[in-house]
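What follows is a pair of complexes built around subunit A, which joins subunit B in one and subunit C in the other.
== the complex of A and B ==
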């Protein structure tokens, strides 16, 4: 046991034989002072507020039935408006910039982790990414401090993004360009290298997953999107991703930098995912936004189950691909969020 | 244990001849193992590899991409890989567990055909093969990828990554065969990572090198299905299987695989008549229980026969198992005693240079017939595959 101050530790006073501290008034004041200094000293990043005043995790489901024009194309203006409304609802702020300031601060490098593996149609929408970039700039983030990233340049391109590795504007870059950390990060059953874009470039990461069914892990939403940050995701699909998905999210650089999840649920996939399966997608025209990736995943999973039931499909549990990793992510060893519906506040706007 | 020592990055490639020296130094054994002739031979190989323009990383993946040999097409552009017991069902644009096979619009491709990320000339004893052309060199190659994920993997920098995450050279089968011939290697060894995942390249290399008189040896975890294995056995000469443990629990928790398919594969190898050796890496507290070792020895004797060499090798902390100490030598000696007592004829102690357990002893007269120190052969007392002292046949593939 670490000795804080000489003469203050008294052994043998505990009932169970464990040594106890006799804290004097002066010591107590010192500790309080130190704790305050530490908490106030973390000025590099804004403090993320509690999800709600009720102590529950908030998940905002923001929907706009008129998100698409008559040809089915997403309206950039309506996507941007929907995004800002969702953020304002999440943080209970009157102005979008105020809401964004709860997540990022000027001067920080903000990474946007998109999901592009499935190519155009089942990847994070270009319109959503543009809207996030625009909102971040309005919140004072310079465009060259915004990095849109995923596994490969080729994946980004296949989803409709143009690669821009340097220059004054927003950067679009795959992990194949900067590579992976030299350090091997480990938690539980996961041991991985983490992409340098996350470990060395970004101060904050905003997670931009897609709401999709997954043929092995049940669903792929916020938690699993961070598989795109590691070098060996193929190793972690065993046992429907449990506990691997939760363990990967626990890797220190990931857990400490991912602040917010904005899930693209414009056209979710309820069967046959994660590939592009137009016959099993529906125009939900929604965003799911939360600070709690576990709560977001739980709500997203229920939406997919609901849609599957409407389509007469079996629940994921019967197909042996129930996403149990969501429960693992909420357990005492992980504490990445909550998945108890009683502790999730769903706000529909 | 066949550790890949030289960097997989050609920019920092260590000349291949230095690898065994480094290995010795790593184990606290600082006597150079290689003779002048071998040194020069390997220096020439190293120079060739370094100046070979093929080492330049090919950014065009198409040259390394071939349709996989063992898979089934499923509806909705899914595929099912039937190369290894995992039988991965892979969605479009996704990869299997090994990370080196990809579904592209319903066709399954290997991405590592001719994509060598490591190439070295090694003594065959390093694999280890103790009954297969002792004292010869093996041209040893690997690609990225593996179909298990052992927590103690010592080559995880290449086995647990995807092909595009390490630099590689283009080494087609005919080129590899020529290179092995030019460097005076008696064999090509498919090793370091897991050859099962680069099956197509290995298979074609074996076929291309046989007409040149080059043997082919495979260093594998044995996690492969029967059909591809039987096909492979037709074109290779020897297989060394890393039997990681002898319990399903160990395979599940430490290896991320299953024991049963490996045992099945061993039986297939035996039935195909390919030369077979087994390595058992003894990991303190995890797979070193007496009962487990005894079961292993009994199974080998009853199912494969007492003449299959069994190597108990020393574990060193690696990768995700850095919390355990190296295997005590006494533990290895105890394992050997157990296997000897169960009636196995050729039980070795590995990764302990200079230990008498490295030698091959005649099961009849008990005299040494092959003496080794590390990877170096100190004496061969065989006459046409028989003990010089008592004429007892010693099973193996020996130089004529």
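== the complex of A and C ==
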């Protein structure tokens, strides 16, 4: 039987030591059916980023200078208020629940993909995740339908989350709990197994990255956060992550389920990332929110470049780590969003 | 008890004590200071260590930079100061001093102050980095970046540990 892949044929990257399960025509058809069902089952949640009323992708930068107390600790109440304001601005709604209903419906399992690789200090804030969980519940999502996940249980714990694999409340699990798909997903130069938490548990994924410089790929924001969904991210840092970051986001389960990105820019890293580097972080006290991960990454990248310039540091291009994968993600082969500033509407609140 | 028997017992005791010492050395390979070597600081977690094959689990994304320069092993531990300040210390063991210098040259010095520690040291708000021979040491604090003095105490304890010819 002729072999089929959902995407292009794998060109060798990322397959070391992994038993590759080829995708049959039947499986391919099943995927297409499933993807269509998901797409139809969630009103207002198309696969390609929707445009704003001006025909451009919206990126909301919501800032609160009083987000922290006098000791520098984040205020949970102010984080929650900031989140709700950002969502209302993005969807142009009067109530956060109405905003949530644009991307998720009661009954669906909502995955929150956090970024905990750097551990304490440079991971998605516990306060933000708590605010998202609370806001989702106010929008009618039951707590047992919310799953906070990342690569490993140990990563989640190192960022301050408590593992809860089962039970009536919100679940917190690493990919090491359920493992990875038997089937290989491929697009362009990426060929990976995708975590079962995403493929089998979640109907919808809310992307919760952190705004950070990256010593190899330039920046790591919304697109690259999905490296945490695959089994072989360490294979994809060549050529400053281009085109791998874009290709991984194109993998069908990822592209079809990630609906919204809420970037934690409370204390971004502008140099030395993705590790925790307090000397190269600044209290930006902001959230970046968008339906378009490419537009969000583009704007986030510009913010990092701006901060680097203020600190007297070279632009990423001069350091040979300009994040070209952002442009690739917007090209005709990917169409994951837009990175032309003329087509991005930045809303600062 | 005759002297021959006494000598035999003493020899056995000596062997036993030596085995305990060696056993401890192999069980505690960390290059990081332990509870008795710290002033005002306590270790809050068991020290961890990563080699070339699993470095990506600790600094994924940044691992290639260390591997390319000649990485051999990293030891890391979390600490808590009596003032409430939390910190983490990393000791990167590189192939040789040249490898350490390569990493050192990649890190911007903007915003830092020189510090007398190891072969060369920089103090940034909330961070102290120094190199010593084939070791690169990074001590970072969480939260308050203004408390430099306790951080220096911790960095000095690490430097003393490295001076003491700790095993690895």
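The rule is simple: the second predicted complex is superposed on the first by the 298 of 349 C-alpha atoms of A that agree within 3 Å, B and C clash if a C-alpha of one lies under 4 Å from a C-alpha of the other, contacts with A are read in each partner's own complex, and residues count from 1 in each chain.
The working rule: contacts are C-beta pairs under 8 Å (C-beta built on N, C-alpha and C of every residue); 3 or more make two chains touch, one makes a residue touch a chain.
Computed from a prediction, not measured in an experiment: that's the story for all the values here.
*Asks:* Do subunit B and subunit C fit side by side on subunit A after the overlay, or clash?
*Replies:* Once both complexes are aligned on subunit A, subunit B and subunit C clash.
*Asks:* Determine, under the contact definition given at the top, whether A:71 touches first (subunit B), second (subunit C), both, or neither.
*Replies:* The answer is second: A:71 touches subunit C but not subunit B.
*Asks:* Return first, second, both or neither, reflecting whether A:311 touches subunit B, subunit C, both chains, or no partner chain.
*Replies:* Second partner only.
*Asks:* In the superposed arrangement, which partner chain does A:176 touch: subunit B (first), subunit C (second), both, or neither?
*Replies:* first
*Asks:* Applying the touch criterion given at the start, work out whether A:274 contacts subunit B, subunit C, both or neither, answering first, second, both or neither.
*Replies:* both
*Asks:* Touching A:346, do we find subunit B (first), subunit C (second), both, or neither?
*Replies:* neither
*Asks:* With the two complexes superposed on chain A, say which partner A:184 touches: subunit B (first), subunit C (second), both, or neither.
*Replies:* In the superposed model, A:184 contacts subunit B only, not subunit C.
*Asks:* Look at A:81 in the shared chain and tell me whether it touches subunit B only, subunit C only, both, or neither; answer first, second, both or neither.
*Replies:* neither
*Asks:* Is A:220 touching the first partner subunit B, the second partner subunit C, both, or neither of them?
*Replies:* A:220 contacts subunit C only, not subunit B.
*Asks:* So, does A:121 touch the first partner subunit B, the second partner subunit C, both, or neither?
*Replies:* Second partner only.
*Asks:* Clash with subunit C: which of subunit B's stretches 93-101, 129-137 or 291-299?
*Replies:* Stretch flagged for C-alpha clashes with subunit C: 93-101.
*Asks:* Kindly list the residues of subunit A that each of subunit B and subunit C touches, one partner per complex.
*Replies:* Of subunit A, residues 117, 152, 215-216, 234, 237, 272-277 contact subunit B in one complex and subunit C in the other.
*Asks:* Which residues of subunit C touch subunit A in the complex?
*Replies:* 56-57, 59-65, 86, 88, 107-108, 110-112, 124-127, 140-145
*Asks:* Spell out the residues on subunit A that touch subunit B in their complex, using ranges where they run on.
*Replies:* Subunit A reaches subunit B through residues 117-119, 152, 176, 179-180, 184, 186, 191, 215-216, 231-232, 234-235, 237-238, 272-277.
*Asks:* Can you list the residues on subunit B that touch subunit A in the complex?
*Replies:* Going through subunit B, the ones touching subunit A are 76-78, 89, 91-99, 149, 151, 160-162, 164-165, 256, 319-320.
*Asks:* With touch defined as at the start, can you tell me which subunit A residues reach subunit C in the complex?
*Replies:* Per the touch definition, subunit A meets subunit C at residues 71-73, 117, 120-121, 152, 214-217, 220, 233-234, 237, 271-280, 311-313.
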